[in-house]
Structure formats: C-alpha cells, structure tokens
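Next come two complexes built around subunit A: one with subunit B, the other with subunit C.
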Partner chain A sequence: MPDHTQLIRSVLVDHGRLAVDVATLSDSASLYEAGLTSHASVNVMLALEDEFDVEFPERFLKRTTFESIENLSVALADLVHVDA
Partner chain B sequence: MPTAEIPAGMPAAVDWDGTKRRVAPRRGTDRPWALSTLRVGTDMMAVDEVARSIERFGERYLRRVFSELERATCTGARGPAADRFAARFAAKESVIKALRPDRPIAFHDIEVQLDPDGGPEIELRGNAANCAEALRVIDTSLSLTHDAGRASAVFVAVLDTPLPSIALPAPTLDPASKLSDLFPAGIPFDRRYDTYDHSQEAV
Partner chain C sequence: MAEADTTPPAANALAESQLALRDRLVDAGRLIPTGVAGLFGRDVVFEAVVSGVGALVAAAGEDDHPTRVSYPPLIPKVDFDKIGYLRNFPELVGPVFSFVGDAADHRAVVERLDGDAPYGDLLTQTEVTLTPACCYPIYPSVTGALGAGGAVFETCAYCFRHEPSVDPMRLQAFRQHEHIRIATPDEVLDWRARWLERAPELLSALGLDVISDIANDPFFGRAGRLMKMSQREQQLKIEFLVDVYGDEHRTACSSINYHQDHFGHTFGIHTDDGADAHSSCIGFGLERCTVALFNQHGTDVAQWPAPVRDRLGL
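After this line comes the complex of A and B, so read on.
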C-alpha cells in the first residue's frame, strides 16, 4: 500500500485548522481531539480529492474516515486503487 | 398548582409532592396530551471560514455540503452569501448534536427550508430521518442568526415520550419512621403517579 501520509499531513497543515502542530501527531492520533472540526474535515476532503485526483464517495463521508491520518491513508489507498 | 388551572379533559401527571403538572400538547399523535422530552442542539460557525471554502473550492464545496434549494436560497445577484451558508452549516451541526445519531448522516440529509413566512425549518431525509423516527421526533423548531462574523443555529426536537415508569425510592426501615414520613400527605398514594383526569374532582 503506497504511503500517502506525507501528502495527508501537508493537506492537514493547509486545511485542517488543527490546534496542534501536525508534525507532532502520530498517524493513529485522533484528529478530532487535535481540533479538526466538521467543517474543516470538508475542506480536508476536498483538498485531498484535488491532491489525489479522486472523489470521496458517500460511504466514506463519515466521522471514522477523518479520525486519523492512518484512516485517511487507508481510505485514499482504496480510492486511488479503484481509480487506477 | 391549583387544580382549576388544568383544562377539563387534559390529563394531569401528579408529582411526588401532590401537585398536578401540565403535560405538553401534542401534534400528530393519537394522544393529544402526553409527556414530552426536548432535545436541543446548537452550533456556531465563523462566516469567514465558509467564505474561504467558497473561494478555495467554489461550487464543488457548495454542492457537497448544501442542497440545491439551500444553494438557490443563499445565492443572490452578488454571488454566494457566506453568512447565510454559514448559518445553514451551523443548522446541520445543531441537528446532529440534538439527534446524537448512531449512524453517519450526510449533509444533504439535513436541509434548511423557509416556510411561507420566511422562517427557517428543517427537512430531514435518509439516515437523519431514520434517526428522528427512532427517537419519535414529532415536532422541530429552528432558529438562525448571523452577526459580527459569526452565524449560529439553535435546533429543538420534541420527542413523543411514553409516560415513564416511576421507580419509588426504597423506604427506609427505621422502626421509628411512620408512613406519613415516607409519603407526603395530601393525596392518596395510588394517585401520585397516575395520569387519570382528576381535574373534575373536588379537591
């Protein structure tokens, strides 16, 4: 599975509006606990769609998808694979 | 509360201290009067956050979050009105906070509509509607406002609540206590928690 985490971290820096430095978060850390809001998660999703040239389907638009960098990476791996 | 204040035909729940309490009027149920439970949700949104999203992602952002009706309502001659979209985003969040759903709810499952008088109201679909049904939501109310760069929403849901089964506290077995110490005087014990209409009875 390709490692998307660096690009995800970059998107979180630009659009996540987190209360903490993204570099200090582990891949499994809760982004919501780090300050990710529902509205910011929409921006993160749209920015990830731009970066990876994918579209998050309805089934991925749930809280758990945006819970951590790890979860986003798994979702993107699925989407990139499908779109490839 | 004097018994005379309770209209004839309206059942009264008799509370622990012997007072008769009003129960809420209902719509859309076969019980015109019953106990209600309220769920309230509120949310606040920074208008400039929404404005930035519109600027950065444009129509793609608006389409993912807001329904066609909401986009039409909030877009005027000068383009999308970020304050109005922010109020609607706050409304969607306030509904989620009130319903506390156990399943994912899409933004489009919650739509802000305007009634003929221009007041906002909520239309629920999909999982949001299923969740409301499971909670026995029988009425809702929504209020929106935006000022000084902030938009906020307050959403209230009225739940059709079955009359509760009352668990009486276990009486203490202090041999010195009397029955009158355990239960307040003024009303027969077997009427303290009933819902029969006693309003016509002499007090």
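After this line comes the complex of A and C, so read on.
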C-alpha cells in the first residue's frame, strides 16, 4: 500500500483548522479530538479529492473516514488503487 | 404516446393531502393565495393563532431570562456569506438585487419588462440578503468576549427560503420564533437538554401528536452528504415532528440545532477561558404550528377544545 500520509498531513495543515500542530499527531490520533470540525472535514475532503484526483464515494462519507490520518490513508489507498 | 407517470403512488397521495389541506385553509379564508406557491396572506384568525403560539414559545423560555431582540427579515450579505449559507444551501438563498445605473441602463430594463423577458441579469446585488433563519443576525452582534454564564437571546422574524411547494406546511416566507444560547459547551448542552423536554411538552399541550427525532439539514451536494452524515452521527439536530399527513410523513414544527463552535469561531465570540463559544438555537415555525393546529382541530377556532383555546389566549 503506498504511503499517502505525508500528503494527507499537508492537506490537514492547510484545511484542517486543527487546534494542535499536525506534526505532533500520530497516524492513529483522533482528528476530532484535535479540533477537526464538520465544516473543516468537508474542506479536507475536497482538498484530498483534488490532490489525489479521486472522488470519495458514498460509503466513505461518514465521520469514521475522517477520524484519523490512518483511516484517511486506508480510504485513499482503496480509491487510488481502484482508479489506477 | 403520453409519458408514463413515474411518480410513486405514495408521493401522489402525499401531494393530494397537501393540496387538500391548502384548499381547506384557503376556502375557510385563513390563507389568502397570491398566485405563487408557498406565498400567502393570513387572515386575523390565523394571526391570532400565530400570536398565541409565539406567546407560549416566549413563556417556555422565560426562566432563562433571555435578552429579547428584533431584527428586520434581512441580514448583511457579508454576514450571510461568512455563515456559509450559499455554500451549504444554495437553492434556498434569497439575495436582494436592485437597479443601479443610468437612464440608458434603465431603458434596457424597461425594454425587457415590456417584452415580458427576464431582467435579473441587469440588476445589481445589494448589501443585504433575506434572512433564512431568524437567529442569524444575533451571532455577529455579540462578537468578542461573553461575560460569565454566556448569553441567552430570544427573537422572532419573518424568514425566507426558496422552496416553492403546494404544501401549506412549507412556505417560502414564514415566521420563526427562536431562543438562542451562546456559552461554554457544558452550558449550551444543559440548556439544550431543558428544551428537549420543553418543546414536545409545548406542542403536545396544544393537542398535537409530536415525536422527537434526530435529523439533518438539507446540505447541498456531495460535500453536503458528509455534513448530513456528520450532523446525524453527532446528533446535532433534533426535530419535533407532528403528524399532519400520516405517521410516515411527519413534519417538523420545531427543531433544536447545536452548532458547536461554528458561529463562535466565525464571528470571534469567546467564553471566559478564551475559547470559541459554542451555540445552540431552538426555533419554532409559527406558521407550521398554526397550520398543524388548524389541521388537528379544524379551521373554525370557535370549535377548538377549550383548553387549547385557553392556552393560546383565543
């Protein structure tokens, strides 16, 4: 599985509006506990779609997808793989 | 060959019930049609019920000592845009446009007018927008530090949402009566817990069959789907639904929204500890309550149960 975490982290820095420095978060840390709001998660989703040239299908449009860098990475691996 | 009607029978039956209720209200003189779906005049009886419901909504929150404020049904475009309404609910918006120009520009408008042609593209957007929710003007007004204990507001205004419908429960222009809490998360959730009991009590005391349910706002598009899921998963919106067209087609007469820090962050409202304030509002659709009451008890108020008339001061 390709490692998407660096790109996800840079999107979170630009669009996540987190209360903490993204660099201090582990891949499994809760982004919601780090201050990710619903509105910000939409912006993160749209930015990730641009970066990875994918579209999040309905099955991924739920809070758990955006819960952690790890979960986003798993979702994107699935999407990028399907698109390739 | 005529196209087959693909509308599901249930949808047809629902639309028929909606039309029947609208016709009943129009025939009785309670609603006065204008020719535009969802835009009605109201007679003095209808207005008396609206006032009665409004007074009950005011009384239900009296213990919280709200600051009562009134705004016109317009908000500055700049605040409307900051709130993100166009982003989230584009098909409901009502920005106000007017004419700005010279005599030649005006002649072009009149030419379109005389030719019965659309002229919207010749008008200019003004600095105001029709208010879609009556609490919206309040958040920008409290920018800065809240005192200890936060703030409680109460307000009522006409609202606009562009959703033309035959359903008299879904008007384009309607009044909301709201209570608003802006404070720390714990204070806001305590306040919300009280209203989760008060709201259904208020409606059922008027003889309405009401249930509470988790709901979502009609966020637009794919990004909106994530917002809807997120709103439901976090139980941020609870509706108080009445049975007007059958148990499977209940309509919200009231709802309570927990905005978390959306307005606090957007308008720089801070609690004592310096954090973005959280907020929640409960709104009652006065026309929806009124139409539901006419549906429940009939269009002649004199025939309503005495306790209901007493409560409404009728």
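Assume the second predicted complex is superposed on the first by the 84 of 84 C-alpha atoms of A that agree within 3 Å, B and C clash if a C-alpha of one lies under 4 Å from a C-alpha of the other, contacts with A are read in each partner's own complex, and residues count from 1 in each chain.
Simple rule for what comes next: contacts are C-beta pairs under 8 Å (C-beta built on N, C-alpha and C of every residue); 3 or more make two chains touch, one makes a residue touch a chain.
In this text the structure is predicted, and so the values were computed from the model without any measurement.
Asker: With the two structures overlaid on subunit A, would subunit B and subunit C clash, or do they fit side by side?
Answerer: Subunit B/subunit C on subunit A - steric clash.
Asker: Contacts for A:L61 in the overlay, against subunit B (first) and subunit C (second): which applies, first, second, both or neither?
Answerer: Both subunit B and subunit C are touched by A:L61.
Asker: In the superposed arrangement, does A:S73 touch subunit B (first), subunit C (second), both or neither?
Answerer: Neither partner.
Asker: Can A:S41 be said to touch subunit B (first), subunit C (second), both, or neither?
Answerer: After superposing on A, A:S41 lies in contact with subunit C but is clear of subunit B.
Asker: Using the superposition on A, tell me which residues of subunit A are in contact with subunit B and, in the other complex, with subunit C.
Answerer: Looking at subunit A, the two contact sets intersect at 38-39, 42, 45-46, 58, 61-63.
Asker: Okay, in this complex, where on subunit B does subunit A touch?
Answerer: 45, 49-50, 53, 56-57, 60-61, 64-65, 89, 93, 104, 106
Asker: Can you tell me which positions in subunit C touch subunit A when the two form their complex?
Answerer: 84, 222-223, 225-227, 229-231, 233-234, 260-262, 265
Asker: Okay, in this complex, where on subunit A does subunit B touch?
Answerer: 17, 38-40, 42-43, 45-46, 58, 61-63
Asker: Contact residues on subunit A for subunit C in the complex?
Answerer: Residues of subunit A touching subunit C: 37-39, 41-42, 45-46, 55-56, 58, 61-63.
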